[in-house]
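To start, the structure itself, in structure tokens.
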Amino acid sequence: MNFTVDMGDLLLTSPLIALFIASLIPLTIKVLKGNIEQKPIATLTQALLGIIAAAGLLVSFGGEGNTAFNSVLVFDGITLWTGLIALAAGAGALILMFENPATRGTQFSELIFLTLSSILGMLILISALDLLMIFIGLEMMSLSLYLMIGMSHEQRLSKESAFKYFVLGSFASAIFLFGISFIFGSSGQTNILQLLESTVQLAQGNQLFLFGIVLVTVGFCFKVSIAPFHAWTPDVYQGAPTPHTAFMATAVKVVSFAAFLRIIAMKPLVGSESLFDILQWLAVITMLVGNTAAILQNNLKRMLAYSSIAHSGYLLVGLLAAGISNNGSFAASGVIFYLFAYSLMTIGSFALVSMMEKTEDHSLDVDDLAGFAKRRPALALCFSIFMLSLAGMPPSIGFFSKFYLFNAAIGEGLIWLAVWGVLNSVISVYYYLRPIVVMYMREGDADVSHAGHFATAITIIVTAALTLLLGVVSGPLLALVEASLV
Amino acid sequence: MILSTLVFLPVLFALILALWPQKNMIRPMALVFSLIHFAVGLIVFQDFDTSTAQLQFVEKHMWIEKFGIQYFLAMDGISFWLVQLTTFLAPLIILASWNSISEKVRGFHICFFILQSAMLGSFLAFDAILFYVFWELSLIPMYFIVGIWGGSRRIYATLKFFIYTMAGSVLMLVAIIYMMYLTQQAFGQMSSNLLDFYKLSIPFIGSDFFSMQTLLFFAFALAFAIKVPLFPLHTWLPDAHVEAPTPGSVVLAGVMLKMGTFCYMRWVLPLFPEASEYWAWIFIMLGVIGIIYGALVAMVQPDIKKLVAYSSVSHMGYIIIGLFVMNHQGLQGGLYQMLNHGISTGALFILIGMIYERTHSREISQYGGLASVLPNFTIFFFIITLSSIAVPLTNGFVGEFLILLGVYKASPWAAGFAVTGVVLGAAYMLWMFKRVFYGEKGPLVADEKHPLIDLNVREFVILVPFVIMVFVMGIFPNHFLKYSEASIDYLVKNKSSYQLTIKGEQ
Amino acid sequence: MTADAFLFWFLALSTVAGGVMVVSLTNPIYAALSLAFTMVSVAAVFVTLEAFFVAGVQLIVYAGAVMVLFVMVLMLFDLKHEVESFARGKVTGAIKLLAAGLLAGLLIGAILYSSSGELGSSAPQAAAQIDSTKTLGYRLFTQHIFAFEALGVLLLVIAVGVVALSRSKGGTHGKH
Amino acid sequence: MVNTNVFLEIGLNHYLVLSTVLFCLGMIGVLLRKNAIVMLMSIELMLNAVNISFIAFGKYNSNIDGQIMVFFVMTIAAAEAAVGLALAVSIFKRFKEVNIRFFEHLKG
Amino acid sequence: MSQTALMSILLASPLIGFLINGFRRKHHSANVSGIIASVAVFISFVAAVLFWLELQGMAPESRSILVNYGSWMNVESLSINFGFLVDPLSSLMILIITGVGFLIHVFSIGYMHHDKNVAKYFAYLNFFIFNMLILVLGDSLVTLFVGWEGVGLASYLLIGFWFTDKEKASAGMKAFITNRIGDAAFLIGMFIFFVSFGTLNIQELNALAPTVAESTWLGVATLGTLFLFIGATGKSAQIPLYVWLPDAMAGPTPVSALIHAATMVTAGVYLIIRMNPVFLAAPNTMMVIAIIGVLTVVLAASIGITQNDIKKVLAYSTVSQLGYMFLACGVGAFTAAFFHLMTHAFFKALMFLGSGSVIHAMHEEQDIRKMGGLKKYLPWTHLTFMMGWLAILGTPGFSGFFSKDEILWMSWHSPLGHWSLWALGALGATMTAFYMTRLMALTFWGKSRVPKEIHPHESSPIMLFPLVVLAILSVVGGYVGIPHVIGAILPGHPENILAGWLGNIVKPIPGITEADAAMEWTLMGVSVGLATISAFIAYTLYVNKQEAVQSFTNKIKPVYELVYKKYLVDELYFGYIINPLVRLSENIWAYIDVRFIDRCTYWAGDLMKGGGSFVRSLQNGNLQSYAMYIGLGLVLTLTFVMMR
């Protein structure tokens, strides 16, 4: 067993190292200054620089499909793209944290540290080729997240949501681990690359292996909130501080799906027809649950949470298409593009929610948006763009991402799922239009909490512009993603 | 470039309006813009070749390589007049909104121009995805127009409109994607080019409802049926019309509904020839029911606008039956009736808007004796009424006559039932006319405190073009029909092997 | 009955009994103690499986550190004697029990079903019984070096995070 | 003979069944106990169950990776316990209550 | 002058008049507006005369002038031109229209003197003339239909001229909608012809139709002509669509004279005459026409007996006389039909104008029970009206005698006729004599029952002039169509000029035999005798013994009431057709639209919301429930995987 750590490994993992170092900088400075916070803007800058550095390194060294540390980590297209999305979403979330009443102020350095650590966990998760590494990445991501939510300035709901998230997360982790143990036990392997060689006959004959796969799948379904494993999502999204919600809804979801994709897209691993069938049904239920429940929500964040569940359902369709496809890269690129689009719209929407929160325990209802268009026409327009894009109206990116996703699904013969998906998007129109109705068509005096939301406002406008325009030029983008996935 | 200019000029206008600093200049600027747009639209007259069914003014660029999605705009005889109608109505609508839209003026005009763009795009797109983008995009500004500037139940109405229409069109998206895969099977390369779609021969088994062509046919037809709207999918229309502000109603009736019928001609009939022939009876039946049903329900409406809205259901029923009999007279008449309906119903909504501005009521029972108070208004209203009930030498007659003739050729019974619409149409319109304009003065008309003032210059300027069009189209229909003649002829004669080509290409 | 078998059944019994007590005892302190008992039993199970290093770690980390944490926290809370241990709701309770039972049944079924396959037959081989601790260390620092480092980072994160969490005070709006 | 074999010849399955039973016991604890701390304990129980199966698999597969897994799982379980208890403490400070029934503000 | 230019003048003149008066409708001077309008019509009249002269100059076989203004609609095989045909038939018709029209315009100047919307009135009148000319001249059914609907429109506008009165506005609407029913049938008829013969050109249809033998009893020609006939019943007020005409008397009286007596209502008859070869090819239709016609004669005449409104009596008389024309058409006597159309135009226009003069004199009083003895106040009106009375009675020598008698004779003699048709026709003539005499008696003769405050006065010369002209025409108009039997005994043996003139237009009835002169004389004598007796009875009763009438009507009160209320046909239509339709509409709106389709929509929405609230109820905030869902999901998934 010859093994050395060489320069190549370090270069490949350099984004992770950079992120880790960046996460330590604000904390170190705080400790050196004698436990006194530096200016939040400085902390933010350091963190953003760290993210940019990580992204730069990821682009420079990753994406070629090289493995590091004896095939424990892989830096291929999925890693590259979802990593970039996660980093960008993390950056967006950081900007929101910087200006949200529930997160700014004291302990900002610690928060930044935890956020960057969470992103670090995500990068591990998406690059992991070993089930153990997947577990470690998952835990690093999640544990940081629990702590982040728990340390919100808001004391009641965020604590509750942190605790719920923690217990359920750990519960799901245990299931996930049990699944790993079955896989390990029945195949003697935890490395996905090596598993691939033996999975076909294992999946056919070995019930234990199949159960292991199911348990692992359930663990992922929990993370990406597929019904009926979704129940934590609305509560946690609502209770957590908005920037964290944005972070969860985007970065966490993106990387969980990426890891899920890595397992599912390896066709032999889910060679089981029955698992495939049940996942179809789960997708169906998820779309329906998310959309119908969202119709009745008044709380804006909760509504977006249910919408996030619904979008998980759509994404699962794409994932399944990728799973059965002989040409997995097409559907997979569709999924990744959808994740990108979804992150863009969701960060933007939550940014607006964040902007409107006046205190750390301000819970924003849809009706509180009344009259917003009159006071802040530009922001209202941006929010409308997000909502319409989430609903899949052309020419926004939301339409094109749905188009690619369902195109892949139809291409793989999952027509009924595509039909179900588009019908559900009709249901979703109802609740996506509601904020617009309230903003534009009702009298009221909604406004952003105060003027100092410069960075958030810029985030909103940038994401809105991208949401509106990137869809039209999405062809080359998608081609790029697809090319890197082969 | 002319078609791109035509489609995207309004977007440019909208941008200029969005950024223009002075608020009081918005209206005049919008008016000038719309006139410019109209003038640009007239350019195509010069080069349009009426002798061919081929596509003209083609603009074709690859958009999304992977799926063969193209930016493909083109015009042929079927879309020619609808494009003209769209640009023709615009300045009139802006003039009509002069008083009725009093707040958020800028926003209204931005919405309106984007709507223009979307509607023109869906008339001119020859790529399925491009078309779908425009088609769906047109919902958004309309949604805002009804929702923001509408009446008291505007939110209900606009949501109903949006969700109904969207519900229909999403299945079409699935069908489009499916057809893209069919092109991949057939030609090796995926494509959403409509011309490639035309080349497909999709298997059809009449007795099997789940045969591919039937399913695709219904996926498309449903989307358009809701837009038309075809009985029994029409209930969004009265609500949307009643709640919409005047200009919104005019666009809705004038152009948006035509998108549905137009798309039957552009998409459904040529793409699914066997299915549309096999299932034509359903559409003819629903169309006939729509004619009678719309007319009967219109008759008992207490609200003028709702009456006209239901009359739209009735009129659109004519168009549907005209299209589905698939002969020259039916199709030409259907196309002509689209224009007629745009003119006459558009004008009716404008007229109702004018009277609504004066009295703030649309209750028929509140009126009466208007003719002696507002004689000029009455004359215009009467002329448009005549057009609506298809009195000869007005535009309506030509359309209805051709449709009914075409329908009779194909299905005498359907024509027999449809003809009752001629009687009922006259009944509801004239009854309404009598109750509103004749008789003793109603409470609103006799109100001493708010004396009603007859048409002003602006309103004359709005109405005169309509009246001119009513008679020009009624007396010289050939000048209009000749533009679509070649295309219709091609459609009728090659319905099962419909393969349009691009002019100047082999 | 061999010693092995006796030991297994004994340890299995004590493990399960400890588990049952954890989930059934009303007083959380007793539950914590039962958990400690279970963990010790599990450590013993590890020993029967010849995983001595891990057994030691189990004793130190779990039965030692983690249990102390639990007990400390329980002491901190100073809970009054609880009257009932289970959440309310008979129907849901039954469903929950049923779910857990079904899960157990399914998993056990799968295990037994699979035992006819290649796994059940593969008896432990003597050749593998080289110095497991050494192999373990070797594997840990070669194959799993990255995981090991990541674990270190994770622990750092936990340390900092837990401190931050415990120091967090609410209601800071208006202050920067 | 089969019966006695089951009792006498201890094999992988025995350990796996033990693990499963323990896992489900932990699950019952999570599902049913109303005390938050005990729920955390139950989760530990589940993780321990997983550990048993890892070790058993490792032993019967002659694969040392099983123990490595356990090593990692244990560490992470400890970390989880720390986080969980920290959350529990902060919740207790805020609510003076660890009964799970009092944390139902977020719903619907 | 070229024919196109002449045609343009003919058509454009009233149109221009319409436009001029339409645009200066705010002006209140009756004289100026009236003169403009009258001149416009007079120019048309001159043009019509010129056309007639031109036709005169042609060989009898080639008497036709086609002016084509180009294509109107052209879709595939359908090709419709703005083509206008002047042939012996239409030339006479336009002469009547413009001639009588001109007279009525002139009369209107006086009659509408005080109305403040007089310009509008004359505009409408000119508009009517324009459309009537199109109807008559149109060379295809569609062009004809343009005028057909156009005159309906003009009629609608003129009936509702005093629209502030709700009743009058309703009458206009009723007229238009009833006509529309006929028009719808007309459209179907056109479609049938187009689909069968591929053309809508009347000339071509006339040539083509007889070549297609009817193989079944309801073949193409029968069906098409039947539908056209339904259209004609609408326009010409026959059973069952006659109900609008009496109500149409709400319009100004000259309008009634022009539109609802002389011209428009005869359009149906004109249509049938125009297409006589086609109709002759459909004997079944002919039978239906004859029966409907004769029934209308009797029905309308019986109602006419009981009416008290001077215009209503004339209106029912018009319906009845139109019935004669249809009877004539139905038995194939198209010449007779046209002859009666012409004479009727003269005497009925005369009587309407006369009644207008009376009404004018009586200050808008129309109830004949409040008149009587007007002879001395209105001598000229009385005199001219009496000419009309004599004409309609069929007094030998007057115009009505010739035309009506020819119809009655043909209904007996024609192979398409039947003795019962003659009998009913003669009965109608008897009743006609009765109610017209009654009208005369109650209005002009006997004791004056004029209310004290009204002082009747003779009308102005401008109104009397048309009366006189029409009176002369009523007297002498019949001499253009002297029947053969009468001509044979007259000095110089005058020929039937009209029959000669129309000879190339009107097809001979197939299988007609040589007339039996003795029989013809007998029948003529019988009908004249009956009419005379009946007129004498009426005279006696209404001039001298009104009490007897009163007691008699009291005796047969139920019957009288029924007839007086027009056999309750209006009530029947309203009660069994219109009101149920409105109720049906309200119900389908309320139940299908609102309660069903919308409900379904809501139901779908509620289903979604119900699903949502179910999901929400599961989302109860309890952590352990969530864990349970995970567990259950796990179990289900595993079970499913295991099962497969």
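Which chain is which? They are A, B, C, D and E, in the order written, and residues in each are numbered from 1.
What we mean here is this: contacts are C-beta pairs under 8 Å (C-beta built on N, C-alpha and C of every residue); 3 or more make two chains touch, one makes a residue touch a chain.
Being a predicted model, the structure only gives us computed values, none of them experimental.
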| item | value |
| --- | --- |
| Each chain counted as touching subunit A and subunit B at once | E |
| Far-end chain from subunit C, centres as C-alpha averages | E |
| Longest centre-to-centre distance from subunit A, chain (CA-based) | E |
| Middle chain, criterion being Cα centroid separation | B |
| Averaged-CA centre spacing for the pair subunit E and subunit A, given as whole angstrom | 79 |
| Distance from subunit D to subunit A - Cα centre to Cα centre, in angstrom | 27 |
| Chain centre separation (subunit B, subunit E; CA means) in Å | 38 |
| Approximate Å spacing (C-alpha centroids) for the pair subunit B, subunit C | 69 |
| Set of subunit B residues in contact with two or more other chains | none |
| Residues of subunit A engaged with two or more neighbouring chains | 132, 136, 139, 143, 147, 150, 155, 163-164, 167, 171, 185, 207, 210-211, 234-235, 296, 430 |
| Residues within subunit C bordering two or more other chains | 87, 96, 99-100, 103, 106-107, 109-111, 119, 144, 147, 151, 154, 158, 161-162, 165, 168, 170 |
| Which chain pairs touch, all of them | A-B, A-C, A-D, A-E, B-E, C-D, C-E, D-E |
| Residue numbers on subunit C that touch subunit A, as the complex places them | 106-107, 109-111, 113-114, 117, 119, 138, 142-147, 150-151, 153-154, 157-158, 160-165, 167-173, 175-176 |
| Subunit D to subunit E touching residues, read off their complex | 27, 30-32, 34, 39, 100-101, 103-108 |
| Residues on subunit E engaged by subunit C in the complex (per definition of touch) | 622, 624-625, 628, 631-632, 634-635, 638-639, 642 |
| Residues on subunit E engaged by subunit D in the complex (per definition of touch) | 616, 619-624, 627-628, 631 |
| List of subunit A residues in touch with subunit B within their complex | 377, 388, 393-395, 399, 403, 406-407, 410-411, 415, 418-419, 422-423, 425-426, 429-430, 433, 436-437, 440-441, 474-476, 478-479, 482 |
